[in-house]
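First chain A sits with chain B, and in the next complex the same chain sits with chain C.
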Partner chain A sequence: MIIEETLIDLETDGTTKEEVIRHLAELAQSQGRIQDIEDYIKAVLHRETEYSTAMGFGIAIPHGKTAAVTEPFLCFAKVRSIDWKALDGGLVDLVFMIGVPENAGNEHLKILASISRKLMKEEFRSGLREAGSSSELMQFLLNSDLGIG
Partner chain B sequence: MKTGEFIIAFEEGLHARPAAELVRVCNNVKSDIIMAKDGMTIDPKSILGIMALGAAKGDKVSVEVSGEDEDEVFSKISSFFSESQG
Partner chain C sequence: MKILAVTACPTGIAHTYMAAEAIEDAAKKMGYEVKVETRGSVGVENELTDAEIKEADAIILACDTAVPMERFAGKKVLSISVSEALKSTDKLIERALNASVYAAADLSDAVASIKEQRAAQRTGVYKHLMNGVSFMIPFVVAGGIAIALSFIFGYNAFEQEGTLAAYLMGMGGGAGAFGLMIPILAGYIAYSIADRPGLAPGMIGGAVAVQLNAGFLGALVAGFLAGYIVYAIKKYIKLPKTLQGIMPVLIIPVLGSISTGLILFYLIGKPVAMINQTMNDFLTGMSGANAIILGLILGLMMALDMGGPVNKAAYAFGTGTLAAGAGSSIMAAVMAAGMVPPLGLALATVLFKNKFTVAEKEAGKAAWVLGASFITEGAIPFAAADPLRVIPSIMIGSAIAGALSMAFNATLSVPHGGIFVFFAVENWPLYILAIAIGTVVTGLIIGTIKKKVEE
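Right, the complex of A and B next:
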């Protein structure tokens, strides 16, 4: 699975985009998905400087494709409202972060597309916000049939 | 109504900066725009919609523009895709 319970944090303390990205990267590293955490964070932040990964509806999907990633992963965090420099100017309270190895082809596009299709639906977004624990959220994702292994 | 098909030439596919640029092109216009790929249709005025399309390099997308400024909007969208051809 690209996401698992240990890659989910519903009580993230970070108050900035940088803090949240680092926190999620640490989760991925602790699960052996990232080899060089600084390299991964650098790749994600570089992308953020080119354009914001805030997608509207209070959701951001930062992502990095780099050799620092050993195994594709998807992390999730609920955060306190953060200014993610969104195109719509809105604050972000839900973050999905993706990591894929450099040689993963279009894997990150597929993951992005799959999550985005779900996020277009109001009931999916409210399901994410209503989950009370990591295990509940994991179960919700499994039941939602994200279409990614 | 104006319709057309375009091949994605962006190295990274239709995401990242090109996706943000397409959203910018499609917003603040009067026409309705529909984009489709493999039977999935989305509104390219939304970045989430464009991401949901998951268009990789080499994929073909179709575009339909209808409204009072359709000629101008379709021409802008055509330029957006043709510039990506390098």
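Right, the complex of A and C next:
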């Protein structure tokens, strides 16, 4: 599955964008989803320089498409309010981090597309914020009609 | 009211779809009909049909990458960046309905505004080059490997008709992939400049470059020439409305191709032939010169234009020194120098990962095989993408390999084959050393002077 409980961290300590990205990348690496972590982080940070992936509503979706990723994944973290240079100027408290290999299958990309669309919906965002544990959050995602699992 | 939109972001994973959702919501909130075409990594979804475009009241382009524009001629088009679409969604619909009407001739403006959104270092010329190169790489890799496979049966096994080696050469060589490579490069440079109508004049221009033996440098000229000619035709030739239909099917292909082709024949045909002749004469005059200097010069020539007039002169000079059964030190130097460019670039992609795009790193893996097989063309994608840095680097490495091969007095008795004919090399351990030194020098120079490239 593209996301699982082990890829969710509701109590992330990082205080900067870079720390959070590294923390989540380590999480993904520990689950065998990334081969070359530095390469992946570089791709993610580079994408951030094009323009911030914090799209407003307190959510950022850093992402990287690189050969360093062995299996597509989605990480989720709740963070202490971080300045992510959001398009709306607000702080970020939810982070979805995405990793996709160069030759990702359409099935995974479609899930990521449907999550991206869902994030524009208020109900979905408040559902994410209300989840109290990793398993609750996982359950919420499974019930959100995203095509996971 | 009916609103259409197209969204596309750099990686095509997330923001393409967010912007689509935002625009859909905004339009529905106002009670308008809406459809959004997404151009993400899944490919083009929800593609707008001509009928829909005809009916639409306004079109929103929230794109950070180039998208086909011609279909929107005559419609109100609002062209913005993806981030802008996400930031101020509410006003988008109103802005779109008040947007100015897009005319096909204004392509330059739309493209220019899209380009401004991009990172500053990504200038137009670079983008066009990379587009051509990315389409060419599979041809170089597939063709080169097919040729290398044919060498397994012997460097000249393909000359025997009806054999597997001959079929492999047929697919990979000048009648197959290597013959297509140059037109593809030129065609997709032109496509990047002038959109779809640029493709045919560009590829035909590339085919002319092949006939003129102008090599990949000729293809670059052909691609840019065709691209800007078509671009100008679209901008300056105005036909009455009733005749506009013949622009894409008749005027652009015919006028674009013929003018590109004729300019190439008249403008670069003679100089290319002259360069080749001059180089031949020059080398003949060098015959008695110092062997090491001759190796150095042959090395520079082999790497300069890879398949162009200078390279061909050096290679012909090398094969001309072959006498049946006897080894030639000049032929050995020519082959060493021809093996170095792909090998040096392959080494650079391993040592300096952050200076090459993902596609180039993949091409780098194949370049090991191509270089080892004396298929110098393996270096062309790199040289075409960044000629001013790559060409000098490979020239220096090849010159060193050529000079060392001469200094070590290595000789070769066959005209081609790379490592498959090392059995025909006299003094082969030192010969390999010469190639290795040239490879390392090329790799290090490229790594040092090339700029960081990231996708």
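Keep in mind that, in the parts below, the second predicted complex is superposed on the first by the 139 of 149 C-alpha atoms of A that agree within 3 Å, B and C clash if a C-alpha of one lies under 4 Å from a C-alpha of the other, contacts with A are read in each partner's own complex, and residues count from 1 in each chain.
FYI, contacts are C-beta pairs under 8 Å (C-beta built on N, C-alpha and C of every residue); 3 or more make two chains touch, one makes a residue touch a chain.
No experiment lies behind these values; they were computed from the predicted model shown.
Asks: Would chain B and chain C fit next to each other on chain A once aligned, or clash?
Replies: They clash.
Asks: Which chain, chain B or chain C, is in touch with more residues of chain A?
Replies: Comparing chain B with chain C, the partner touching more chain A residues is C.
Asks: Could you tell me if A:139 is touching chain B, chain C, both of them or neither one (first, second, both, neither)?
Replies: Once the two structures are laid over each other on A, A:139 reaches no partner at all.
Asks: Could you say whether A:6 touches chain B, chain C, both of them, or neither, answering first, second, both or neither?
Replies: In the superposition, A:6 contacts neither chain B nor chain C.
Asks: In the superposed arrangement, which partner chain does A:67 touch: chain B (first), chain C (second), both, or neither?
Replies: So A:67 only meets chain C here.
Asks: Should A:30 be classified as contacting the first partner (chain B), the second (chain C), both, or neither?
Replies: neither
Asks: Examine A:117 and indicate which partner it touches, taking first as chain B and second as chain C; both and neither are also allowed.
Replies: A:117 contacts both chain B and chain C.
Asks: So, A:42: does it touch chain B (first), chain C (second), both, or neither?
Replies: Only chain C is touched by A:42; chain B is not.
Asks: Taking the superposition on A as described, I'd like to know which of chain B and chain C A:55 touches: first, second, both or neither.
Replies: A:55: touches chain B and chain C.
Asks: Tell me which stretch of chain C runs into chain B once the two are superposed: 62-70, 170-178 or 368-376.
Replies: So the stretch of chain C colliding with chain B after superposition is 62-70.
Asks: Which residues would you name on chain A as touching chain B in one complex and chain C in the other?
Replies: 47, 50-52, 55-56, 61, 87, 106, 109-110, 112-117, 119-120.
Asks: Which bits of chain B are touching chain A when the two form their complex?
Replies: Contact set of chain B toward chain A: 12-13, 15-17, 20, 23, 40, 46-49, 51-56.
Asks: Which residues of chain C touch chain A in their complex?
Replies: Against chain A, chain C makes touches at 10-11, 13-18, 20-22, 25, 38, 40-43, 64, 81-83, 86-87, 118-119, 353-354, 358, 361, 454-455.
Asks: Enumerate the contact residues on chain A facing chain B in the complex.
Replies: 47, 50-52, 55-57, 59, 61, 87, 106, 109-110, 112-117, 119-120
Asks: Which residues, counting only chain A, touch chain C once they are in their complex?
Replies: So the residues of chain A in touch with chain C come to 39, 42-43, 46-47, 49-53, 55-56, 61, 63-67, 87-88, 98, 100, 102, 104, 106, 109-110, 112-117, 119-121.
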